[in-house]
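Structures are listed in the sections that come next.
Both complexes below contain subunit A, partnered by subunit B and then by subunit C.
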Partner chain A sequence: MSALDHGQTAATAPERGFSALSERHSRILVLLGKRLVQIPVVLFVVSIMTFWLIQLVPGDPGRNALGPYATQAQVHAWDVSNGLTGPVVARYLRWLGGFCTGNWGTSFVYLVPCRSLVLGHLVNSMLLGVYAFALMVPLSIVLGSVQAYREGRRSDRAITITLMSLSSVPEFVVGVLLLVVFAAWLKMVPVQAAADATGDLAQRLHAMTLPAVVLAIAYLAVLTRMVRTGTAGAITAQFHRTAVLKGLPQGQIVRRHVARNALIPTMQLLGLYLGALLGGNAVVETLFNYPGLGALLVVAAEHKDVVLLTDAVMVTGVVSLLALLLTDVCLILMDPRIRFENTES
Partner chain B sequence: MRPSSGPVVTVENLTVAYRARQQTVTAIRGLTFAVEAGESYGLVGESGSGKSTAALALTRYLPPDTDISAGTLAVGGVSVLELEARALRGFRAGTLAVVYQEPGLALNPTMPAGEQIAEVYRLHGANRAQARISSLAAIERVRLAPPRVIAKRFPHELSGGQQQRIVIAMALASEPRLLILDEPTTGLDSRVETEIMALIDSLQAELSFASILISHNLPLVAAHCQRIGVLRRGVLVEEGAAADVLLAPRHPYTRSLIAALPDISAARSPGQRAVVAVAGEEQSTAAGPRPAAGPLVTVEHLTKRYHRKTALRDVSFTIGRGEVLGLVGESGSGKTTLGLSLAGLTGYEGSIRFDVADRRPGRRALPRVQVVFQNADASLNPRRTVRQVLARSIELLGGTQTVEELAASTGLSPDLLGKLPHQLSGGQKQRVAIARAFAGQVPLVICDEPTSALDVSSQARLLDLLGELQERTGVSYLFISHDLAVVRQVSDRIGVLYDGELVELKAADEIFERAEHPYTQSLVDSAVSLRRRLSA
Partner chain C sequence: MDSPLQRAPDTVAGPVAGPESPHFADGVVPDDVDTGAAGTAGAAGTAASTRRLRALLRRPTFVISALIVAWWIAAALTWHLFGLNPYTSTGTLNAPPSWAQPFGTDYLGRSVFARTMAGADSALAVGPLGSVLATLLGGALGVIAGYFRGWVDTALMRVFDVLVVLPPLIFLIVVVGAFGASTPALIVIIGVVFAPGIARIIRAAVLAEMGKKYVTTAKVQGESAVRIMTTELVPNVLPTVIIQATLSLSAAILLTATLSFLGLGWQPPSPDWGLTISENLGYLESAWWTVLAPAFAVASLVVATQLIADNIKEVSS
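Right after this comes the complex of A and B.
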């Protein structure tokens, strides 16, 4: 035994004086601190882009609102009263000041304050997103691991082909098909998901089932593929052989040695999907007439409702970035090797 | 130790065949051997000889498409092939244990080391607290300290040697009757190798388990086993007491294996370069071995810092024209970083000067450095044929020879030119990598552990080729390796890197006779002691 052996490790993993767990806690704190700076910067850039890009979209909101028989003066007066005149920069700064102080402006499409409008739709979208997420994550883990354990067999290929076919069909086609079968024909669920949005939770979930299924199907194929790859990697890894030759029971091998290692690659993808789902899906929400953030964004963009659109985009951005942050925290907890800082100077 | 009647391992007429598509590959043919209680038995052979398959057959851990048949296959009195699933698990948990080739991969990366050991105690009925105490004792037994800290570390926070100690602790936790050591020190530095093998020896004396040591490294096996079996293409060609097999081999294959070993006592191959080296020794502090020319490369105050740690500290040296500079050091000592800096593949502080005349004035300067990497697999594009690889290199390096001439000069037969890397053997791939470096006239070739992934006989042939190419073209080499014997065989001078510092730089013979730095001494001692057992 030599002192050299220890000396070398001490150089790479210095003794920090606290346990492995609290070392990870400190890494989480560092990550949170960094994101606290990064997230506002990203949002700032996104808001500038949104505010500026919407100016490029053709269409005249005042003319649209007042119709073809209004005079030019009336349209101009409408524009002034809705804050659509003046230099873009000044208008942007006015919006930014308002947004930061909680005054998110008024939507001229809905004629209500943007804040309650956006947050209300956000809650709806998040409900739907969580529902879809809760359907697709367990399902993809089950399907993916079944595939990995039966790699190359008929069941493996059947699942791949089915999922790939389903996910290559656009959401609105799947959605319409499901509507025809389950709503119009079997009458198991209402056609419009919005109808029961005011009812109790059970009713709402019932109404949300079809859109959630459609959303889940859209992401299921890729997610299952990731789980399959991760699991296949874990069960062909040498540490799996070590676990088997230790004589561990199969269940313990899966729980303690396969599961965590298999799901690490999937986690990163889950973060992206979670952000996308919680922020609302325009196609599915529009199709099912569901009052979510995605549908709201479509309306705001159509009508050039700059203030509403930028507010909604900001909220979507916050949700996505927080979802990513959540994944990164989970990754630190799952994988002791992960490092977010640069390794090369 | 339980009283045992008869041998721990009895293998009679074992045949293992892998079924792949339509064809069947027989990995082991009629293998018969036995291991007595407390005995250490060595299985020697090159890659593909079936030695690992033989070991896995004892654990019955073989791919589903494997045909396995044997007259007898018994470990600890248990007939392995007849076990039901539950009994097989109990057999694996209690009767035998395995120490693997790459401890870094054999350990679960997301579980602390202590927990992975504790799992074994839990399996044998200990409660959580008992398992914890036992695993701390196990860590102490493999001489890792402090156990509490080590137990909380994840595998990636341990060095290779420490990882292997954890694997050993884990294996011995079940008090097995048989310990299978599958290339336990391949990939570890020679000094760590010596320590690990000494640890295994002392634990075996203490706990009196039987062991099977599988390796391609003959001196290692000779030093630690009482009896040796030599496997060649799945057939046991020779078996006997360790000393007899090594000192008086009967089978020609065994003889060729022994002949291929790099000889620690003899310096480089004789010939023109030996004369050059003598000249270098006479003026040992001078820049290079050739008095006429100045040094080809002058490195001054080279320092390389990564994010947190310093890989190289103020390293200065020269490489003469036509000189072979050997560079040894353990993993993490900075030797690869030094090679990368010279090749211009990474940034650094300090200066590296090449004294090279521009051979094509007015045109784009030709590269001054080529690198032969350790892992030929990873350095060859999997979708390019050998011909494409070589043609591209000739074009880039401004070479004048044809692909066929280049292939012939590096011992690649013409029918390999149309093949893709995965169709080649390890030695052939490394030859392609070498041919690529010699596609044009490049003054310096950096060989970064070019033979460490190869068998001894492939290694010997490759070292011959490198020597021959050097004589023919007069290039300089920076030859990086952790194996002092290999470095000695090819180098004029040897530099020793320790923790980023060049602690010693001397003529090859002097390193062995007058090593000054304690680290160099320990390197020389472990290299010599392994081989001394051979001749003793």
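Right after this comes the complex of A and C.
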């Protein structure tokens, strides 16, 4: 094992730098270093694209902000103070400088600093995303492994068909159906989540349950499919048979041999979903009137709030990139075989 | 609604990217048959495609889905021939379903049935052309990237690195904000936004084909790159292309409905389904039928197109 060799050479070496770490940890450091270069580059490209696209938005933000009765001079002064005049490149650099130093500008829809607005909504979205995650991950693992152990039987097919048809129904339709049943007919939950989303914990959970269920349903089918495939692959593998024949206790087989191997493909998918969920879902948040980042983006786009829209899009990008990074780190921890080389084929 | 777009590649890539995809008997096109791309594809695959069509028609989910799509296309094309009036009040506001008004009336007293039928028009205004454009663009890029590899391939991959950062819907919200939500603009936007995803899957299918003998044979025979791509590769990845086209149609219908739902697409008094749902959301507790009818309409159209894609996929593999 190369990890052992590495440890021995490190022990004999006099200095205690990176080499003193186990190979797995040093690989995480290498990955982090690579991503530290890669993430800003990708974000830079995304920010240029977003900024350029948003500059194309027809309409006059100064006029929108000040209303029809402001004079031309007032509108111009507003544009200057919000950094909306001059050539696009200069404006972009000014915005970039502000964004990096924490001065994100002022939203003219909400008339508050964008930074607190975006971050506050981001926290709300993250709470909702974590809730949805907490619902769907255990459920998909249970359903997927039940399917794998009963592969080809009627219950396996029934679960697949049910989940697939549930997840191909659009999110806002699932949401509307749940609202009609639980809010209009049974009157168990409020139609609008906004009022309760800032209350105490019990109220919050109550208001967040329906949106979280809708989010979980949307991702459940593919996730379960991945768990099923991974588990089916692990329990038909040679090492599983060896473990069973060796007479290992069932719990140890499941924990050490099946789960670790079965969940690797699932983890990769989870990383993608985590980014999407934490960054906020525009449709579900708008439907339930939940104050999250996705709903904020829609409002900003509707009212052509240029500054707010750019900031919110950038934060969404940062969140999904960090989620991908987190996934890669988890993958290294779970599976020592994984390498992230620049091979593309 | 961003998930189907993300989900589509995962669900499709598996069976398609596999090294064994003998879609056409063995794909070798006789060299002396000097016809165009379509002609050769037809000659090589006529028997196979009629067999596949028959297999499709034996599947109940395919037949039902096709009937649902046909129903909505018919509704979109002919609703104004049946005296339906989606824009004027019938008198009573928020009336529950009855014999006179099968789906009830909305908050302005307009017939929900008439509006649901007329809504098929806007639901199908963008999707078909948008997905055709996306398939042509993405298919061409995918075949070129898979055949030449090199910088085209690298460029495509870099575009992916950037696109994966933003959820498709967020990207769409920004782009629609910039270019507006008129029907031609939406068609182009859908075409451009979906093309990279389709390109990646077609590229994987082409890579699987590249390892086969008929491509090497064609190269040794001195066929030009363009000829190999159009007459050898395209017919052999055609099932993948058709599946991707159907899936992108489903996603396009969903995304345009979603944009309207968010208030960024069609504007009142359009009877668009997504818009109708968001308009009537405030009356949910007193008049639930006004959101239920368009919700079922969107769901039926999106699910039906997706099931058609699933069925084609199962039959061709």
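Details
In this text, the second predicted complex is superposed on the first by the 290 of 345 C-alpha atoms of A that agree within 3 Å, B and C clash if a C-alpha of one lies under 4 Å from a C-alpha of the other, contacts with A are read in each partner's own complex, and residues count from 1 in each chain.
As a working rule, a residue touches a chain if its C-beta (ideal position, glycine included) is under 8 Å from a C-beta of that chain, and two chains touch if they have at least 3 such contacts.
For clarity, every value in this text was computed on a predicted model and none was experimentally measured.
Judged by the number of subunit A residues each one touches, C leads among subunit B and subunit C. In the superposed model, A:K246 makes contact with subunit B only, not with subunit C.
Contacts of A:N261 after superposition: subunit B is touched, whereas subunit C is not reached.
Using the contact criterion defined above for the overlaid structures, shared-chain residue A:V123 touches neither subunit B nor subunit C, since it reaches no partner.
Of the two partner chains placed by superposition, only subunit C is touched by A:I54; subunit B is not. By the document's definition of touching, neither partner reaches A:V142: not subunit B, not subunit C. Comparing the two interfaces of subunit A, the one with subunit B and the one with subunit C have residues 344-345 in common. Against subunit B, the residues of subunit A that register as touching in their complex are 1-2, 4-6, 8-9, 11-13, 15, 19-20, 237-239, 241-249, 252, 256-257, 260-261, 264, 334-337, 341-345. Contact residues of subunit C toward subunit A in the complex are 1-4, 6-7, 10-11, 153-154, 157, 161-162, 164-167, 169-170, 173-180, 207, 254, 257-258, 261-264, 274, 277-278, 281, 284-285, 288, 291-292, 295-296, 298-299, 302-303, 306-307.
Those residues of subunit B that touch subunit A in the complex are listed here as 59, 61, 89-94, 97-98, 100, 102, 105-112, 119-120, 123, 143, 145, 149, 152-154, 156-159, 161-162, 167, 170, 174, 191-192, 195, 199, 305-307, 309, 330, 332, 499, 519, 522. Those residues of subunit A that touch subunit C in the shared complex are 42-43, 45-46, 49-50, 53-54, 56-58, 165, 167-173, 176-177, 179-180, 183-185, 191, 218-219, 222, 225, 269, 272, 276, 279, 281-283, 286-287, 294, 297-298, 301-302, 304, 309, 313, 316-317, 320-321, 324, 344-345.
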